[in-house]
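Look at the two complexes coming up: subunit A is in both, with subunit B in one and subunit C in the other.
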Partner chain A sequence: MISQKIRKLDNFELEENPRQIDFREWHRLFQKVPEELVENTRYFRDLPNAEWSQYLFPPSTHVVSGNRLLRKLKFDNSLASLRLWGFVMSEGERIYRAKQAGKKVIAVMGDLGAVTPLVYSFPNTVAFYPDCLWWTPFMMESKVLFDEAAKFGLGEDCCFVRAALGAYSKKAYFPKPDLCIGTVGATCDDMNAVMSEVEFLGYDIHYFELPHRHDKPQDVKRLKVFLSGQYEGLSAKLEHVTGHEFDLTRFEETISKVNRMRGAISDLKGMLGGAGSPLDSCVRRNDGRGSRRIDRRNAMGGIEMLNVEFAPLSYYGDLDECIDVIEDVRDTVKSRQTRSVGYPDQDIRLVWVTPPADPQLMNYIEGLGGMIVGSEYLINQTTPQILENGDPFDSLAESHLSGSLMGSMGYRTQLVIDQIEKSNAEGVIISGVFGSSHCPYETTPIVDAVRKKGIPVLAIDVVAPGKIMMQSQIFNRMEAFMESLKAARRYRGG
Partner chain B sequence: MAGEMNPRERWGLLLIDEFPDRPPVYPLVTSHASAVYGCDLISYCSDGKILAEAQLAAQRKYGHEGLSVFTDVGLIAEAMGSKYHLREFEVPILNRPIIEELSAIDKLKLPDPGGSGRLPVYLEAIEKLYQAKGDVLPVFAFVPAPFTTAAGLRGIEDFLVDTITEPEAAHQLLELSLEAAIKFCDECILCGALPMLVDPLASGSVISRRTFAEFALPYNRKLITHLHRYDLDVTLHICGETSSIVDLISDTGADLFSLDKLDIDIARSSIGDKVRLVGNLAPHNLMASSGVSIEDNCHHIIDSGIRNKKGFVISTGCEVPIRCQPEKLQKYIKLGKEARYE
Partner chain C sequence: MKSNPRQNQVKDFTGLESEYLESIEGRRSLVGYLCMRTPVELIEAYGAVPIRIVSSPVAVSSGFNPIRNDACSFCKQVPELMKLDSYKYLSGIIAGSCCDQMRRTVDVLNETLDIPAIIYSAPRTYGQNASFFLNEMKAAFAKLADSLRLTIDENELHKAIKSRKQLRKLVNQKRYDGAISAPLIHKLAGSCLPAEKIIEFLTGLKPLPVNSDSVRLMLFGSIPSGKEILLIEEVGGYVAVDLTCLGDRVFEIKQNLPEEPFEFLYKHYIEHNNCPHRRSYAPLIDYAKQQIKRGAIDGIVYRSVKYCHPFGLAAKRFKEELGMPFLELDDDLTLQATGSFRTRLGAFVEMLEAQKRRKVAQV
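The block that comes next holds the complex of A and B.
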């Protein structure tokens, strides 16, 4: 019999000061984690007697499963980070366990987090996001999924999301979904190509159309009506698949949870971005109790924040647990900032644009003294609070209309500029994807706009796993970029 | 072929209670790899690079679905001071145990995985194999279980006598062996391998059920509990006859049981709802001299094993003989790969 599940870690820290540690250190530090925490940190609270639902394990656990990149990464040393990594890395198993436990499993593709709130409002239903399989080849340092996608004609001229096609074909990365939802229209057309091939493999896809947003106020109403209709159609499909009718009360409860998570992420980004001058050794912040000194050293790693920011795409298969995982990270950062502690020697403020498929790049830039204080990961639609008491489909549509990808390049460029201004960034890194349709078009306008603001930009293409020579060139460029930022700081007298 | 799973994917599904396209086919190709690679066993057992290259060569030749880092069951005992004799064409054997008098137990030191005996050979081999093929093939590090290591420290006969006449000293030795095994397992994990416990001397062919329950099982359980803390699925291999102890295997906590001379039907009915089975073609069937047909002998194993509730891995009962007939092994692997769940 399993005892009470752990909900919150209460800022329990294994070490006094924040630092980034490798998987070897985590393996040993893990011995200090109380047994009760390991035993009782579990997913799927509705299945209290499941023997398999523990997930508080260190990176070495997942190294043994073939995630070779974990041996090269540096992780935050907090218990909240351990929980976050354990939760993220167990997602694949969790989706299989969901199916074994009789839950409906819904694959959501291409929407980047906009339809999952509706999916989770149906009982006994979980969503996962096949597009995120793009991280698997990097985590495993493997070409397996890319080679599999290539058998269907999707090669290097397609973005890394083609890994999802490989996974569909191999039937070894997630169980057969009860429903596949494919978002088409004003979204990633590489993923659209993947969806077409997935359909040829025999999977039934419910298409959800995303209209192009003209960014003109007069269009908003029309677009909302269209999108609302799309959500209504999707809801009917989910009713059919799950065998449950749409329930407004349950929907509102779900939206409330989603908003709580989005709020926690927004708090986190705010805390890490924080206002402040790059030249100050610290910033002052007024929190209502008077102005106080806040150390601006980095209080959480870029790769942990990447995991956090991608949580709203499908909540890693368990919305309730995911909220606690994210809030633990937030509470840890808050506690560290209150204590004025952070990683030593990381204080060059950077905004990161487009999520890097290779998380090692973020570690690398941090190792050179960078701290990621802002981001634009193409998932702006997962950030706004959703109206809780309005018409359900209108509320979802309105939130969806803030999407990064569905409008003009100018809109996305402005999202980047906003991040720079909010966080007083000293530099911007754009990690494009070779073969991705939107990257070549967007990178140049973003670079131009950022440079006009006087902010240096480094634009790189993430290199596929195994291309070591090309990878070293990227590292060289990062080193030169960081040197120039440090020189600029010295020039300004910082 | 589109959609075909690789071994890593197959094992991954098996370990989360899913049925992959077919069971993994993983005969215990260990020292036989030296014959495939064309090296002597002294080099194989004492050079991690050669061990790794030989394993890769054997895997290329046969296409079996896992890499096995194993030289001999005296590995940890040797690292703690026992002397083993390395031989050119046979596996190492115990030459002189470190504990000749029981009073010497207090002076025993835990080995350093990075420097003691041939432990670094293992770690180097794991590193190389994981780096070369870790994305598509699981790497298994065969780690001698505490009972077997204790016997290697004391000498087999003396240790077995100790379990009767000096049980406290035997337990003391077992505790040290357990600590050494935990330490070494941790290093194997960090190099990317999944530890697989081998306990040949805990076999029913060697000890009684009572001795197993009192001296082998508790230490295996502690070692497996340590590995479970890291959520790792642990295989326990016990050579020879195990019908007298098979019902106790699940008490060790083992997730997979690699069985040797035990009818797979008995294993299934005894522990098959709790433990995945790995086995168990008798290795001598793979010798040219055996004169038996692989087909005749493997059908019962595969047909029965594949119906095991908790899952099944098509394997051999023990190590593939160094001088096995390659065609026979190829045949077994081919038949294994044709197996399908009903």
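The block that comes next holds the complex of A and C.
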């Protein structure tokens, strides 16, 4: 029986003060992790005698399996972060293991986290997102997947999600899915093109149709009815594939867990983005013991938070374990904020818009003194609490309707503005993808709206791996941007 | 100077359109529409004149454009087009959602123009819940009509549907007879004229002279700019089939459609719309194969607009599936592209001519 103390890391820290460390330091620090903790940090705890399911390893372990970019990244030095990285990096292995263990493996594409709660409502079923393989070429510092996609005609005119097609074709990045679900309609064209080619590779896709949202209150009802029907159709398909009938009790249990995870992520974002003052990295908080200063220095790295925010897409293949991993990160941040500790010299408050396929960019901005206090990563559909006691399909539909991309550009712009206001940000970074179907349209309205609020914006396009010259230009622009934000702070501070 | 009957067709038809627009000036609303998923009969039934928004070499980027350079060159051109005389008198714009970029283009128009620009959901997959999407279409038209204070005339709707059916039949017949040139078909596809007037114009057309030695080409791909057909003909090719968004595809006769007017329009324009943004490609590939056979095609000129994802990213797939000599052109809708197109088209046509000669020699 695994004790709760081990399931939860219970704020066990290897170093007293938070800082960002490289993979070599993690390798050394890892020696201090108690053996018992390593042995009992496992996924698929429902499976008996799964000795192979340990995942608490230092990043250097994953460098060996090809994730070369890890050598260049800076990681948070908490055990919770180590656990998070281990959990995220073992997802590929986990879905292969799931297949070996007789679980149904479902590939979900195009919706970014909306249909996953339904998938996990079926027993012995795990989901994964081929779309998320877009960061694999960056992590591996290799163009193999892009080159493979190019053989099918998906070249540089297509977003980095084309890596998913390369992976389908290579047949070496995930096991053959028992079902592929593809959301089409008011989604990106790039992933649509990927899905078409995946069909030609011989995979059968269950399409989920997502209509355009007009962002008018009177449209919600009919969209909800339509989407509810889509969920019902998907449920029938999942019943067929898994051999299990849809079970309302199990569904409600799953939704309760999903909500718990979404709640933990929301708490985390709230803690990191809490209304601090740009002029003073400290705020005052009244906790019943009188007003006291709370240090608003960065309490968690941007990449770790990116991993956290992307957890509700697939739960990284294990919902129960994922909840614990996220809650560990949340507890670590809470503990750090209570102790008023954070990374030194990172206090320029930034909102990041659109997830960067290249995680190095976040490290770089942090190295220049930035802290990411808010984000809009195109996954707003994974943020609402899902109704637990309503009609199951209606509840999922309602949650889905908050999607970042299915409506107008004005809607997404407002999501960004909300993040700025919530977090009192001093600057915004938009990391777009050249040639994607939405970035060319959204960037200007977002930039305009943010500038109207008096907030400086840096809009960049993430550069494909290997284009060092172009990347150095991005770094250069980031440096100039951060300089200007620092100057603005000095100016405002008199 | 010797008169060119193909050019004369287009000239005469354009004159007819101008006359018509002058005759209705100030009396009827002009409603712009994008892509092939908008039922023009419905615009007509509301008493408005349908104006297809098409690419124009005249629209040159001038000043601020909210759409970035890596967007589809046509979508990026649309806000610029709105400044041209042909479109500046539009009262409203309507479109059925197709690809993501077109959906966002309408959003941009809605933000930047002071006329209503309305998009309605249309399914990407085949065989979807028709009643939902049909209601989306109806609601969008009702909203536009409300903004423009228009009311639908059911009799006009029946009449428009009937006339358009006749028009499709006639266009197919005349195309088969060789009486309608490819440049004219582009004009017909985007015409603002009522079907009756087009029928009247077409009825008198006689088959055009065709050089039987010319290589027979199928033009395929994104919305054309007009220059590609002229270039193909200039280098000695003949566009026997045009599967672009302004070509023969617009006049495709679809079978087994319902009689009820709205259901008919939904099925014709939305459900049975063959565009590569739909999932899957299979119906479009089948249709293209039929047209290749019907048109005795020697080669395919596949022109995609730069950053048009549905056509651009499907080019290689179509090449493979159609299994014919295939020239792929990527057009950013600038005049600078013309020279290189001419050279590449010339080489392609020469290659096909040589192939044809070899075949004859072997026989």
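Everything below uses one rule, namely that the second predicted complex is superposed on the first by the 479 of 494 C-alpha atoms of A that agree within 3 Å, B and C clash if a C-alpha of one lies under 4 Å from a C-alpha of the other, contacts with A are read in each partner's own complex, and residues count from 1 in each chain.
The rule we apply is simple: a contact is a pair of C-beta atoms (placed from the backbone, for glycine too) under 8 Å apart; a residue touches a chain by one contact, two chains touch by 3 or more.
For clarity, every value in this text was computed on a predicted model and none was experimentally measured.
Asks: Put subunit B and subunit C onto subunit A via the superposition and say whether they clash or fit.
Replies: fit
Asks: Look at A:307 in the shared chain and tell me whether it touches subunit B only, subunit C only, both, or neither; answer first, second, both or neither.
Replies: neither
Asks: When the two structures are overlaid on chain A, which partner does A:381 contact: first (subunit B), second (subunit C), both, or neither?
Replies: A:381: touches no partner chain.
Asks: Between subunit B and subunit C, pick out the one touching the greater number of residues of subunit A.
Replies: Of subunit B and subunit C, C contacts more residues of subunit A.
Asks: Should A:399 be classified as contacting the first partner (subunit B), the second (subunit C), both, or neither?
Replies: In the superposed model, A:399 contacts neither subunit B nor subunit C.
Asks: Tell me the contact category for A:63 with respect to subunit B and subunit C: first, second, both or neither.
Replies: The first partner, subunit B, only.
Asks: Quick check on the superposed pair: does A:54 touch subunit B, subunit C, both, or neither? Answer first, second, both or neither.
Replies: first
Asks: Taking the superposition on A as described, I'd like to know which of subunit B and subunit C A:121 touches: first, second, both or neither.
Replies: Touch status of A:121: no partner.
Asks: Kindly classify A:439 by the partners it touches after superposition: subunit B alone (first), subunit C alone (second), both, or neither?
Replies: So A:439 only meets subunit C here.
Asks: Considering only C-alpha centres, what angle arises at subunit A between the directions to subunit B and subunit C, nearest 10 degrees?
Replies: One gets 110 degrees for this angle.
Asks: Identify the partner contact of A:41: answer first if only subunit B is touched, second if only subunit C is, both if each is, neither if none is.
Replies: It touches nothing on subunit B or subunit C.
Asks: Once the shared chain is lined up, is A:332 touching subunit B (first), subunit C (second), both, or neither of them?
Replies: A:332 contacts neither subunit B nor subunit C.
Asks: Nearest approach of subunit B to subunit C by C-alpha atoms in the superposition, in Å, rounded to an integer.
Replies: It is 14 Å, taken between the nearest C-alpha atoms.
Asks: In the superposed arrangement, what residues of subunit A touch both subunit B and subunit C?
Replies: Touching subunit B and subunit C on subunit A: residues 152.
Asks: State the interface residues of subunit A toward subunit C in the complex, per the touch definition above.
Replies: Listed in rising order, the residues of subunit A that touch subunit C are 152-154, 157-158, 182, 184-190, 192-193, 195-197, 199-200, 205, 207, 209, 211-212, 222, 225-226, 229, 408-410, 434-445.
Asks: List the residues on subunit B that touch subunit A in their complex, please.
Replies: 2-6, 8-10, 12-13, 16-18, 20-21, 130-131, 134-136, 138, 186, 189-190, 192-194, 229-232
Asks: Within their complex, state which residues of subunit C touch subunit A.
Replies: Going through subunit C, the ones touching subunit A are 66-71, 76, 97, 99-101, 103-105, 107-108, 110-111, 119-121, 123-125, 128-129, 132-133, 135-136, 276-277, 279-281, 306-307, 309-310, 312-317.
Asks: What residues on subunit A touch subunit B, complex-wise?
Replies: Checking each residue of subunit A against subunit B gives 23-24, 27, 30, 35, 38, 52, 54, 57-58, 60-61, 63-66, 68, 71, 93, 96-97, 100, 140-142, 144, 148, 151-152, 169-173, 175.
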